[in-house]
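Take a look at the structures below.
In the two assemblies presented below, chain A is common to both, partnered first by chain B and then by chain C.
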Partner chain A sequence: METQFLLAKAKDKELAKRGECGGAISALFKYLLDQGLVDGVLNLRQGVDIYDGIPTLVEDSEDLMETCGSLHCAPTMFGDLISNYLSDMRLAVSVKPCDAMAIRELEKRHQINEDNLFKIGLNCGGVVMPLIAQKMIDIFYEVDPDDVVKEEIDKGKFIIKLKDGSHKSVEIDELEDQGFGRRINCQRCELKVPRNADLAGGNWGAEPGWTFIEVLTDKGKKLVKDAKKSGYIEVKIPSEKAIGMREKIENVMIKLAHKFQDKYLEENYPDTENWDEYWNRCIKCYACRDACALCFCKECDLEKDFYNDENEVVPDPLTFQGIRMSHACFSCVNCGQCEDVCPMEIPLAVIFHKMQKRYRDKTGFIAGVSEELPPLYSPEKS
Partner chain B sequence: MMKVAHSICPSCSVGCGVNLIIKDNEAVGTYPYKRHPVNEGKTCRKGRECFKIMTENRLKEPLIKEDGLKLSNWEDALDTVASQIKSYPSHEIGILVSGNYTNQEYETLKKFADALGIRNIGCHTGSVPSSNLETVALDDVEKSEFILIIGDVIKKYPLLGRRVILAQENGAEILAVDEPDKTLTGINSQEYIQVESASSIIDEVDDIILEKLSPQSTVLISNLESEDDFEKIVKFFEQSDAKIIPVFQDCNSRGAVNILPVLSSDDMKGMLERVKLLYILGDDPAPHMMESIKNLDFIISQGYLINKTTSISDVVLPGSCWAEKTGSFTNTTGETQEISKIVDAPGAALDDQIIIKKIAEKIGLDL
Partner chain C sequence: MVKEMSDEKTKILGFCCNWCCYGGADTAGTARMQYPPNVRILRVMCSGRINPSMVFKAFKEGADGVFVGGCHRGDCHYDAGNYKWNRRAELIKDILLEFGIPEERFRFEWISASEGEKFQKTMEEFTKTIESMGPLQRTFPICSVKQQGIKAK
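And now, the complex of A and B:
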């Protein structure tokens, strides 16, 4: 279908106020729940503070208010949460590009039923690990992290709003030069607008109080049209200038991602000696496998008897990480969850991302984006 | 209905945050809790699978022994417990509790024992030092310049081990001391001193090492079989300027030690042989102390797990596991963290504090 650009906002005054950029996405969720088109909405809610994003299933549209607004310090993954626990529901889900990529790979493998899902995409420049955010706010902003009531990322800056209503901002470049800022996976990520969702919303190119929406599927088109007709959202056409502005922002971000890919996958890529040190730390806890949305096998090869090396101090990297890599790296979406959860700080995602990139160069298969399964797919090699 | 709820892992003493995935009032999985300052969403396998504790081998109903354990009800079970407790003099009653209860439960239990004048009370929670320990911030471990590790901390307590790895990445020197086998901690240290036994560890600490034990250094002490060795080693390193982290066994061993007497294996054996009625909470001495247990007239077991001790008890009271109650745990570095009730206990199982209070009420005590 032909791409369609819109500016939208919630008609409900409370949603428009509480939601990000006029609350258009919250209003779409409300429409879907009120009309009984979905059983639930999977979204993020703020826990104790802005660093605490908790996946939340909303089944009554009255409760949507608590999931309004955006959280950039919540490196969550919804793919396996849906396939493992919510596959029996008709769902609407807010997806960052990595969520959308994982979901697409799971749909192709029949772990998620596409027909049961509305994927409401969120443009994403990357997220920050919660504790890194607290540390950098303390160091660079000289602010008590507990005094921050809101954060946003805009025009290359990480902006915080304090209890007293004042704002402070620091260039993301400066933060990242010092090892803070966005997760390294996010720095390398080149999918900023989730075009693998039904629609993608965000503030790039938007006027204040409006969400810029790119409608990507017929399902998304019908949703926007019906929600407008039912009085949930107000819609207008963005100017050519706004469309151009959004495209420009996206392109700058992608260019930057390529720079970071060169930095982390080539220049700073660990050498063999480094890898030996990393593998020596492995406690074979399977956290990487369990966090990987793509590792969905009920019976995992890694736990089969012939790979049992429980008596060894460390697992053989060839028959542990090597096997996992041979099964999953072709479809790695660079979400970084494996690395996030590794208790031994092994930078796993760089190998997987590097391998996927090579595979992509040879075959044209882009994990999480391509419509088809990877070439020569077998369940053993996902 | 699905929700994700914050909790603290009950598997060891490090005190990691875990998110429990709850579906229809049942824990079905865990989800990374990345905002938690101890572990930032990282867990070991035990942590990730801790939700299984709630369903495996659960006690759900009160049981009373009549030719073997029979299903009973709270009224009868509590009446039996109260009348038995009343029938023994306080010096013939013992209370034994594990290191997995909340601080509030230890306090309630202490009040209960005090009200009855019971002196035979304590927590058997692995070998632990009883000295007053200072609280150490995990971030300080990461900033250490020198870390001395006794035992295989990296493998057995990975989220404490992670701070050692991070310190090493920051340039710290790591020295491991352990018994002869090759260990994960050993192969990840610059120097690895292999000793014959725990008692010879102190002999290996020469002047060069002593000099490195500055305020910017940390000593991690784990895996000591004997309480005496543990105590001796902790005392020895306490004389230095280094920060000391003894690694406790259970999720609230350190909390228990702050409130109740610590029982070594010998102390426990002594208690079992001294008393006639034993009220056990969460512990399972039967597999390794059967001979001493035979001396008991009456055993009351309270807990959430079916184990060898419950199977030989006279009354069994089904309690709650950590995600079914509210309270706090104190982790191995001395940090006290709150836990909240997330799911209901199964069957007729009750909150442990309520059980203790109900027993007290039946006896006629006001706690």
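And now, the complex of A and C:
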């Protein structure tokens, strides 16, 4: 399908107001629920504060009011939520590129049925860990993190809005130089527009109050067309200038990601001794495996007696992380979940991402993006 | 102590496919071709049966080198097992490197049942390589505790 660029906003006044950029995404969800085209919408709702993003299954379109807006301190993952708990439902889901990548890998492995799913993409510049966000707001903004009512990332700045209505912003570069800002895996992430979803919405290239949508599949095209016809969204064609601007920002972000890949996967990459130190911390809690959307085997090799040794205080990294790597690293989508959940702060996504990059250089397979399964699963004689 | 270590026999584990490489080893044996006794052979039905876990386990249990032998391309008795193995082997190499095990310690070859000589030569060569590298010293700290004979129990 030829890609299509649109500007869109919700017709519903309340959705337009509450939405991050005109509420077009929420309006598409509303259309799908109202028409009975899906049984539920999987997206995020803000919990007690802006640092608390809660995955939510919306079944009544009225409840979409509670899920409007972007949460940038919510490092969530929808891939395994769907495959583990919602695989029998017809769903629409808001996906960051890494969500969409994990979903694509799961679809190829028949863990998610593509036909049951509308993948509504969100461009993504990255996510900040909740605790890091609170710390940096305290240190760099000199503000009580509890006084922040809204956050936003725009033009290279992390911007916060306070209870009294005032705004404060700090350059993301400055935050990241000091070890704060976006998750390290997000800094390395080069898929900024989820072109593996049905459509991708974002503020790049959009006028205030509108979302810029890139329509990517026939399913997405039909959805936008029908939602417009039924009066859920208003649509207009963006100017050439807006399209160019969006492309330019995307390219700058990709370049930046490559710079961070060089930094974290080459220049600052831990050597074997450093890795031994990291592995030596492992308490074998299996959280990394449990959090990884790609680790879904019912019988896990890591739990077989054969690879376990009761004399080991710490698991041998070769038969623990090494085995997990041999099953998952070539398909790693660099979502960062393993690293986020590791209680011992082992930089797991760094090694998995590096290995997928190496695999990609050798075979051309791009995890989460390529249409076919990794060549390792191929029956071909080649 | 140090002397004792270096005197210790080099340990090599060879996974050989039943239909070809194992036959090659047999041919070598029947023809009384000498090959180093350091090589312990494990017969598997096909190189495609071998997964990375098995290779990692071998190194964990103290192998200084791991060899895998399968049928020549096009000769696999299960059609494409050796092609699958070949792709897997490339990944194994990369993972071993991340854990400080150089690729020279892991070798795979295509050897047919009639190639007794190729089997013998390969084993001699591989054993020489491993001997020149010395015993595998895993740097992982917990392993070194085990090597000194201290048990957690």
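What we mean here is this: the second predicted complex is superposed on the first by the 375 of 382 C-alpha atoms of A that agree within 3 Å, B and C clash if a C-alpha of one lies under 4 Å from a C-alpha of the other, contacts with A are read in each partner's own complex, and residues count from 1 in each chain.
Heads up, the rule we're going with is that contacts are C-beta pairs under 8 Å (C-beta built on N, C-alpha and C of every residue); 3 or more make two chains touch, one makes a residue touch a chain.
Only a predicted model underlies this, so the values are computations on that prediction, with no experimental measurement involved.
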{"item": "Joint occupancy of chain A by chain B and chain C, clash or fit", "value": "fit"}
{"item": "Contacts of A:54 with chain B and chain C, given as first, second, both or neither", "value": "first"}
{"item": "Touched partner set for A:140, first chain B, second chain C, both or neither", "value": "neither"}
{"item": "Which superposed partner A:232 touches (first chain B, second chain C, both, neither)", "value": "neither"}
{"item": "Chain B versus chain C as contact partner of A:204, first or second or both or neither", "value": "neither"}
{"item": "First, second, both or neither for A:318, with chain B first and chain C second", "value": "second"}
{"item": "Partner chain(s) touched by A:280 [first = chain B, second = chain C, both, neither]", "value": "both"}
{"item": "Partner chain in contact with A:352 - chain B first, chain C second, else both or neither", "value": "neither"}
{"item": "First, second, both or neither for A:301, with chain B first and chain C second", "value": "second"}
{"item": "Partner chain(s) touched by A:31 [first = chain B, second = chain C, both, neither]", "value": "neither"}
{"item": "Angle, in degrees and to the nearest 10, that opens at chain A between the C-alpha centres of chain B and chain C", "value": "80"}
{"item": "Where chain B and chain C come nearest after superposition, their Cα distance in Å", "value": "5"}
{"item": "Residues on chain A lying within both footprints (that of chain B and that of chain C)", "value": "280, 313-314"}
{"item": "For the chain A and chain C complex, residues of the former touching the latter", "value": "272-273, 275-276, 279-280, 301, 306-307, 310-314, 316-319, 322-323, 325-326, 329-330, 351, 355, 358-359, 362, 375-376, 378-382"}
{"item": "Chain A-touching residues of chain B, taken from the complex the two chains share", "value": "1-4, 6, 19, 21, 23, 28-29, 31-32, 34-35, 37, 39-45, 48, 154-155, 158-159, 161-162, 165-166, 169, 182-184, 187-188"}
{"item": "Complex contacts: residues of chain C adjacent to chain A", "value": "51-53, 56-57, 59-60, 73-74, 79-80, 83-84, 87-88, 90-92, 94-95, 98-101, 138-143, 146, 151-153"}
{"item": "Touching residues on chain A, where the partner in the complex is chain B", "value": "47-48, 51-57, 59, 73-75, 81, 84-86, 129-131, 280-281, 283, 285-287, 290-291, 313-314, 337, 340-345"}
